[in-house]
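Starting off with a structure, shown below.
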Amino acid sequence: METNLTYEAAFKELQQIAREIETESVSVDVLAAKVKRASELIAFCQTRLRATATEVENIIQQMEDKSL
Amino acid sequence: METNLTYEAAFKELQQIAREIETESVSVDVLAAKVKRASELIAFCQTRLRATATEVENIIQQMEDKSL
Amino acid sequence: METNLTYEAAFKELQQIAREIETESVSVDVLAAKVKRASELIAFCQTRLRATATEVENIIQQMEDKSL
Amino acid sequence: METNLTYEAAFKELQQIAREIETESVSVDVLAAKVKRASELIAFCQTRLRATATEVENIIQQMEDKSL
Amino acid sequence: METNLTYEAAFKELQQIAREIETESVSVDVLAAKVKRASELIAFCQTRLRATATEVENIIQQMEDKSL
Amino acid sequence: METNLTYEAAFKELQQIAREIETESVSVDVLAAKVKRASELIAFCQTRLRATATEVENIIQQMEDKSL
Amino acid sequence: MEFNNGRLSRQPFLLYLYAGLDTQHYITLSQLAATIQGTIRNAFTGYSAWVVADITSHSFYPAKGYHYFDLVEKDTRSHQLTAKISATAWGNGSMRIREFESVTGQRFSNDMQVLVKVAVEYHPVYGLKLSLLDIDPSFTIGMLEQQKQATLQRLLTECGDIVRKTPEGYITFNKQLSLSPVIQRIAVISSASSAGYQDFMHTLEANAYRYTFHADNYFAAVQGEANAAQVCAQFDAIAASGKSYDTVVIIRGGGAQTDLLLFDQYILGKAVAGFPVPVITGIGHLKNETITDMLAHTATKTPTRAAELIIAHNRTFEESLLSVQKHIIIRMQQMLSGRQQQLAALHAGIVNHSRDILSVSVEGLARCRQMIPQGARHLLLKQRSAMAQLSGQVLVKPGQVTAARIQELSHIKKDIQLYARKLMQQQQQQLQHHETVIKIMSPQSLLQKGFAMVYHNGAIMTGSSQLQAGDKITVRMTDADVHATINSKTINDGNEPNI
């Protein structure tokens, strides 16, 4: 996950996904990927809401490792 | 079945075949071939849909586990 | 019967003959020949139709078996 | 009788003769000849009709036998 | 009597004579000759007519025999 | 009497004389002569007429005999 | 207290001066005081007046509820005192002051201009005093309001770039900033010891949702007008810290609900209105909002409320997150089931229509099968009947033709016979007619009728012109010629009847 992902950006992306699914402009082919991305974004936000500054750093680090 | 067939492409082709058959613009000569192709496409789409549904279910499960 | 005759072409020819006979635009001189041709075309079409129907039904059966 | 006389031609000639006789535009001098010709044409046409009918019936019979 | 006299010509001549006698445009000098000619023409025509009728009857008889 | 006198010519001359006498344009001195000529012509005509009548009757008789 | 003590200590000294001069010609101070007291009492008993004055030298004894203060009047230009009278308030007056403080949200204290109802009292020991009977809160509110409006006007005039007024209220640069979706990094301006700060931090940390916050403290005295500059300095410190805060919170701790003038200060208003991070206030008052509240991004009543607002803000975000999540899940499941249905519908459609095509084809073929033999038979039948008709025509008509000709011939024969005979008869008649005429007109028949012919010189005479008397003539009669000589000649006048 991007290091400089903000709540703002995460929420926007989430809304975008919601909108795409709403208008069914998401093909079945990428649906699972979209939902996965949405779940990651939500998890990111929720974790970050509750994590300490150090923990947030760790989360971001982990996400980056994963995305590699 | 083609390796890089997408659900979307398969569904479109299926709709096209359905439309042709519906408007009776399919001749008896190619009907069996068309129906065969349609059956393959339906099978493909169903597999894809089921896989996506399962995948999505897993993601939802994970999300729910996390949010508990 | 021609090797590369299609059902479509055969049926069209058949309809043409039927129309000619119906409108009495067939002379007695060629009537027997026309009827003979028609009987051949009918035989051809029936064979083709039965084969296609069987094939289509098989595919449909397979599809239904699969979807169960 | 001419060898390559068709039913069609014969019938037309017969119609012509019948019309001439009907309108009494045939002179007595050729009347007998005309009637003779007509009788020949009638015989020809009837033979032809019978032959065609038999042939057609045979074909129809075969068609029906086949479909049983 | 002329050898190549036709019924048609004979009848026409006869009609001519009848008309002349009727309109009294025949002189007494030739009347006997005219009447004589007329009687000959009538005889000719009758012979011819009877012959034709017989011939036609025969043909018709033959046709009817055949068609039985 | 002239040898080649015809009934027609005789009758015309008779008519001429009759007309002259009737219109009284004949003087008495030539009347006798005219009357004489007329009586000769009448005699000629009557002879001729009777001969023709007999002949015509004969022909007619023959015609009827023949048609019987 | 100390001051009063000072005054009291000077009295024995004055007494000593007068006693030394003349004991007969003096009265005791107490006598004088009694006289003054009597005079004042006579003049002012039952008298009270509403007086506008400034307060100085104020002291308050909460235990007794006593207020001691001076009422002063200053020259508006020179600020020199023009009048000063000590005053007290206790009992009813003290109660009125408490009500006043409650209504105005302003502590009764120095440098405040008030409208007070006073009675004049004199005490032999404590001297001339004004006793506060009532205080008009609306006068003070009006005054404060005037000040506040003046400050706001100044802000509008001098800081037009960051403060604007609209029918809905004041719009500031700070107000127009949007809050981060989540508020986590907080700069807190407060006094370190205040209960409000404790409330705020506790509320934040004890939140039910376990949200974490990172609060940096920027302590400053947040009471007393003079401390506005200190608060402003902390705003500068926050800006200079280089940290990106989600919000700046100004809180003022519990205790007295008065003394809000600091927050109506121009410099603080300006600092808040133009601050680049959204400012949330929790100043801890219930009544009039301060200029700071008016110009800050968000104003809350108390520090606890400010913390709750922040938590609720974050919760709103999390809830919208969860709602989007829920929405995505629902829609996606709908979409998948919709796709499943689409697929099923296509499947059914293809199966049905394929069968339709086949059955239509079968029908079409059956129709041809039926039609062609029928049509062929029908065609042959029609040909046969046409043939029969034609041969009928050909068979019947010739007999009719010959019969008609025979008829025709016999007609002509009859005609010829008839007309030949007729012609003969006519000739016969014509001939007879001529014969008759000629017979009648012949000389022989004339003579028989009695006519006679006259000859002269061998010629027939038709007139008398050639005959003379004496001429010999011959008269021919029917049976003989008679010879005669003419005796005379008489010309006929034509009177004879014409025959």
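Lettered A, B, C, D, E, F and G in written order, each chain numbered from 1.
Operating definition for what follows: contacts are C-beta pairs under 8 Å (C-beta built on N, C-alpha and C of every residue); 3 or more make two chains touch, one makes a residue touch a chain.
Quick caveat, the model's predicted, so the values are computed rather than measured.
Among the other chains, the CA centroid farthest from that of chain G is the one of F.
Computed centre separation for the pair chain A/chain G is 37 angstrom, with centres defined by C-alpha atoms. Separating the centre of chain B from that of chain G, both taken as means of CA atoms, is a distance of 42 Å. Centroid to centroid, with C-alpha atoms defining each point, chain B and chain D lie 66 Å apart. A straight line joining the Cα centres of chain E and chain F is 34 Å long. Each of residues 11, 28, 31-32, 35, 39, 42, 46, 49, 52, 56, 60, 63, 67 in chain D touches at least two other chains. Multi-chain contact residues of chain G (touching two or more other chains) are listed as 322, 325, 329, 332, 336, 339, 347, 354, 358, 361, 369, 373, 376, 380, 383, 391, 398, 402, 405, 413, 420, 424, 427. Pairs of chains that satisfy the touch definition comprise A-B, A-G, B-C, B-G, C-D, C-G, D-E, D-G, E-F, E-G, F-G.
Interface residues of chain A facing chain B in the complex, by the touch rule stated above, are 27-29, 31-32, 35-36, 39, 42-43, 46. Those residues of chain G lying in contact with chain E across their complex are 391, 395, 398-399, 402-403, 405-406, 408-409, 412-413, 415-416, 419-420, 423-424, 426-427. Put simply, chain C touches chain G in their complex at residues 7, 11, 14-15, 17-18, 21-22, 24, 26, 28, 31, 34-35, 38-39, 42, 45-46, 49, 52-53, 56, 60, 63, 67.
Note for the complex: chain G touches chain D at residues 369, 373, 376-377, 380, 383-384, 386-387, 390-391, 393-394, 397-398, 401-402, 404-405.
Residues of chain D touching chain C in their complex: 6-8, 11, 48-49, 52, 55-56, 59-60, 62-63, 66-67.
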